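Please see the structure below; I have some questions.
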Amino acid sequence: MKKLINDPADVVADALRGMDAAHPELQVDHENRVVFRADAPVRGKVGIVSGGGAGHEPMHGGFVGLGMLDAACAGEVFTSPVPDQMVAATQGVDGGAGVLHVVKNYTGDVINFEMAAELVAAESGTEVVTVVTDDDVAVQDSTYTAGRRGVGVTVLLEKLAGAAAEEGRPLAEVAEVARRVNGQGRSMGMALTSCTVPAAGRPTFDLPEGEMEIGVGIHGEPGRRRVPLAPAREVAEMLVEPVLADLDLTGGDGVIAFVNGLGGTPLIELYVVYAEVRAVLEKAGVGVARSLVGSYMTSLDMAGCSVTLLRADEELLRLWDAPVRTPGLRWGV
Amino acid sequence: MKKLINDPADVVADALRGMDAAHPELQVDHENRVVFRADAPVRGKVGIVSGGGAGHEPMHGGFVGLGMLDAACAGEVFTSPVPDQMVAATQGVDGGAGVLHVVKNYTGDVINFEMAAELVAAESGTEVVTVVTDDDVAVQDSTYTAGRRGVGVTVLLEKLAGAAAEEGRPLAEVAEVARRVNGQGRSMGMALTSCTVPAAGRPTFDLPEGEMEIGVGIHGEPGRRRVPLAPAREVAEMLVEPVLADLDLTGGDGVIAFVNGLGGTPLIELYVVYAEVRAVLEKAGVGVARSLVGSYMTSLDMAGCSVTLLRADEELLRLWDAPVRTPGLRWGV
Amino acid sequence: MSAVGTEQAAAWVQAFAERVAEQRDHLTELDSAIGDADHGTNLDRGMTAALAGLQATPPADAAALLKAVAMTMISKVGGTSGPLYGTFFLRMSTALGDGRPAEVAAAFRAGVDGVVARGKAEPGDKTMVDALLPAAEALTDAVGAGEPLDAALRSAAEAAARGRDAVTASVARKGRASYLGERSAGHVDPGAASAVLLVESAAALAGG
Amino acid sequence: MSAVGTEQAAAWVQAFAERVAEQRDHLTELDSAIGDADHGTNLDRGMTAALAGLQATPPADAAALLKAVAMTMISKVGGTSGPLYGTFFLRMSTALGDGRPAEVAAAFRAGVDGVVARGKAEPGDKTMVDALLPAAEALTDAVGAGEPLDAALRSAAEAAARGRDAVTASVARKGRASYLGERSAGHVDPGAASAVLLVESAAALAGG
């Protein structure tokens, strides 16, 4: 294993120290491993809390700031944070207008956030609404399974719901925006290599030179199928087509198109993929209203990418263009 | 070789198409492979042109925009662009106040920019001043060699000189800022893995599991020495100490500290390194005025990082905080 | 062994922690194949913290001990297995009573019911429940038939192992393994494997 | 061969392009060891474009031909070798005169001087200059001694190869290889290797 780390057991604590040092505009509670907006709680504003296992940087801590999250809880690598962290985060961002929990649909995340919400309800009057993201079309959605994973849409949702909260809208409306984003967005990912979990010390799976995995998530889980390596042009088709098959995205206000790098893939390759994604969308008659290309939700050092498409509407575009000032996403301010 | 690309010969053209599609605020001249600010030339403002081989994304094209570059020329991967591109860029950004060429100190870059400047001088009245960056302390600086490489300082210089130009300052002053930044900044890099040049198809060098290279540049050149893998704590020392030995950075207004990822290293590791860099600086009595942590100047898919320290002063801090709006760096606007 | 007191509970927790430490890399390897390569690390971190907690604040009785372990699992582990094992120990602690065999069986069953209530897994979904439920049933049956606790725990451990093995061929329908669809078939479920260690730790103590 | 006309120049360029194509991966491999793994790709891209340009717009004479190659190298290759080889061909084209042996030797020398003026490398810095300079000297000497051009070019090719080999053991002082310090010693310089191909291409034609 080759990583720029100290003891694998300290990776999350060490990274939080670095993040704290790099971003004076954030407050880091190292004891609870919660990253807060420096001005939290913002009086009268709905607080937005997210979190999850570490290893997806800049998500979620890097999305804390004006127009996005109020707090993010960091778990161990690929391991949901614990209820205590979420309680601390929720209490710390409660400005009197209630708190939205943004939870990616993984059993661990769902259970821990659920327990946290129960604890908050038992201990305080803070109103908590939870929205779960489950946008990954690689996974069959069925009531008899854990359902689809929450992936790329989470980044877009945190931006859009964050903008709605920043406008001063009430919890129910902010949650409605969040649910709409999740309902209108779908993703699909692929990997060229496995990632290596620091504590495990070696790649989660083997992926020979000429092969790639289609339908991976962001935790180094193997994908749905293994296929021969293909040019970016075909990779774009393999990712975009299942998304288009799952959700009608033609017409209307077009889509917000998001090509995400999984941590080990450089930006030059993401731009190559994005060019091909645009070509596939054009052929399918899907217009693109906004673009996001970069490594915003990683899977440690995995080489690969995901594509997320979100059906845009006038309101979502306005919220997308609204100011955001976080380490990971920043514009309009 | 596992990359998200089509034909290796098309990588740069394909990536420029993706970049163009992702950033409507840029104008891309695909024929000349020049990325322009959409509003170039800006009347009365010094134009700033940079460029170099591709493979370092977001540098340089991702630094085109308000408060930074007016144009960037993209060469083939790791190959300096040609004079014709630089001439087109220079003419396209000439707003009547002259043009600054920012050139990293590599023989190819220097020669091609030199020829471009000669052509511009022969063909037009545009005043061109060239500033060459050479901040890499891994390389011995001697008049009998090619001198030090230009690395991380280039990013900081493009930001700071860009801010000076945006203030409407004359070419001589903008060039003076640029030279000062180069003079006050030093860098050192290391690699955990080699990169793979697409056209070459395999890693430029072999680096066994338990070893790393210290003193690498950003073109997949092997470094100065190979040492056993070490924890981030020691890596930070190996990078910071030679920088401190080369330039007195204690006292004054502190430094702008920049931890850069080389393309294959995820942000979580860069934060771990940054925490350790801060610890080394603290021990050395060097204060940190501003921080930048991320993959801003990559070496394709190389895993590794570099550290750049720039002695700050009041003016540089003001220029650092000035608005910048580019795909790669963005704040204050 | 006629009743489970503080000493027995402590020995069980200690034995489980040891088995987990010893099998940590194996559990993580199982989780690499069909999950995210952290199950061994997660459990080991939790049980190490639990032992440290017990050392620092010795609990008054077996129920308090199990509750302390539960709270550590819930507040130190995270992921799926942290709150589920935490819930197991928590529910068990409140139902343990005097620790007589029938109470132990009922408490174990309560713990398993807690896991099911929290995780909503059904038998055959290929989770820890597939080891825990048969163990609970075997324990209840054996104790109900008047077998001594030692023997009953051994039956429970065997039932847990059979339950784990029975779903190895199946396609997972809960947890991360479910994302793999058909590819999850043929792999041992990591949580089922750790649950077997839990029951075996009890059986080994009882037998020794 | 008594003089270099359009045909000879075309054949030389063609032969060089072929050698470069054939040795492309080898040149890139040499550049992997002490550079950035693109020398073969760079030259091959340039010479392929140069041939295509000659085909599209057949030049009037040998000088025009060399100038066309020069312009392609300068405007299509980039890096260090693009402008240096471009400068070589450009300077050579302006000094070629009627292509008689003495003029060819002088033109070659002018080309090499152009490379030195542009790149500022000195003999022994471990660059293409270490193959080109000895070749220029050998050519001038042989032609001056009245040898026929064929034989003179063969001497030049041998001198180039000796020059390349002579600096293999040295530490590079120019170009990317210089960043490696001592580690550059023992490796063949890629530009010196390609310069040998250039001179050998001429010698082979002359000889055949």
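When the chains are written out, they are named A, B, C and D in that same order, and each has its own residue count from 1.
By our rule, contacts are C-beta pairs under 8 Å (C-beta built on N, C-alpha and C of every residue); 3 or more make two chains touch, one makes a residue touch a chain.
Listed by chain with UniProt protein names: A, B = phosphoenolpyruvate--glycerone phosphotransferase; C, D = Dihydroxyacetone kinase subunit L.
Remember, it's a predicted structure, so these values are computed and weren't measured experimentally.
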item	value
Maximum centroid distance from chain D, chain identifier (CA atoms)	C
Whole-Å gap separating chain A and chain D, where each centre is the average of the chain's CA atoms	54
Distance between the centres, which are taken as Cα means, of chain B and chain A, whole angstrom	29
Computed distance of Cα centres, chain D from chain C, in Å	74
Interchain centroid distance [CA atoms averaged], chain B/chain D, Å	32
Pairwise touch network: line, ring, star, complete, or other	line
Every chain pair meeting the contact rule	A-B, A-C, B-D
Residues of chain C touching chain A in the complex	28, 32-38, 41-42, 45, 74-84, 118-119, 173-176, 178-181, 183
Residue ranges of chain A in contact with chain B within the complex	2-7, 11, 14-19, 21-23, 54-55, 57-58, 62, 192-193, 209, 212, 229, 231-233, 235, 263-276, 278, 288, 291-293, 295, 298, 300-301, 303-305, 325, 330-333
Residue ranges of chain B in contact with chain D within the complex	53, 75-84, 106-108, 111-112, 115, 138-140, 144-146, 149, 197, 199-200, 204-205, 217, 219-222, 224-225
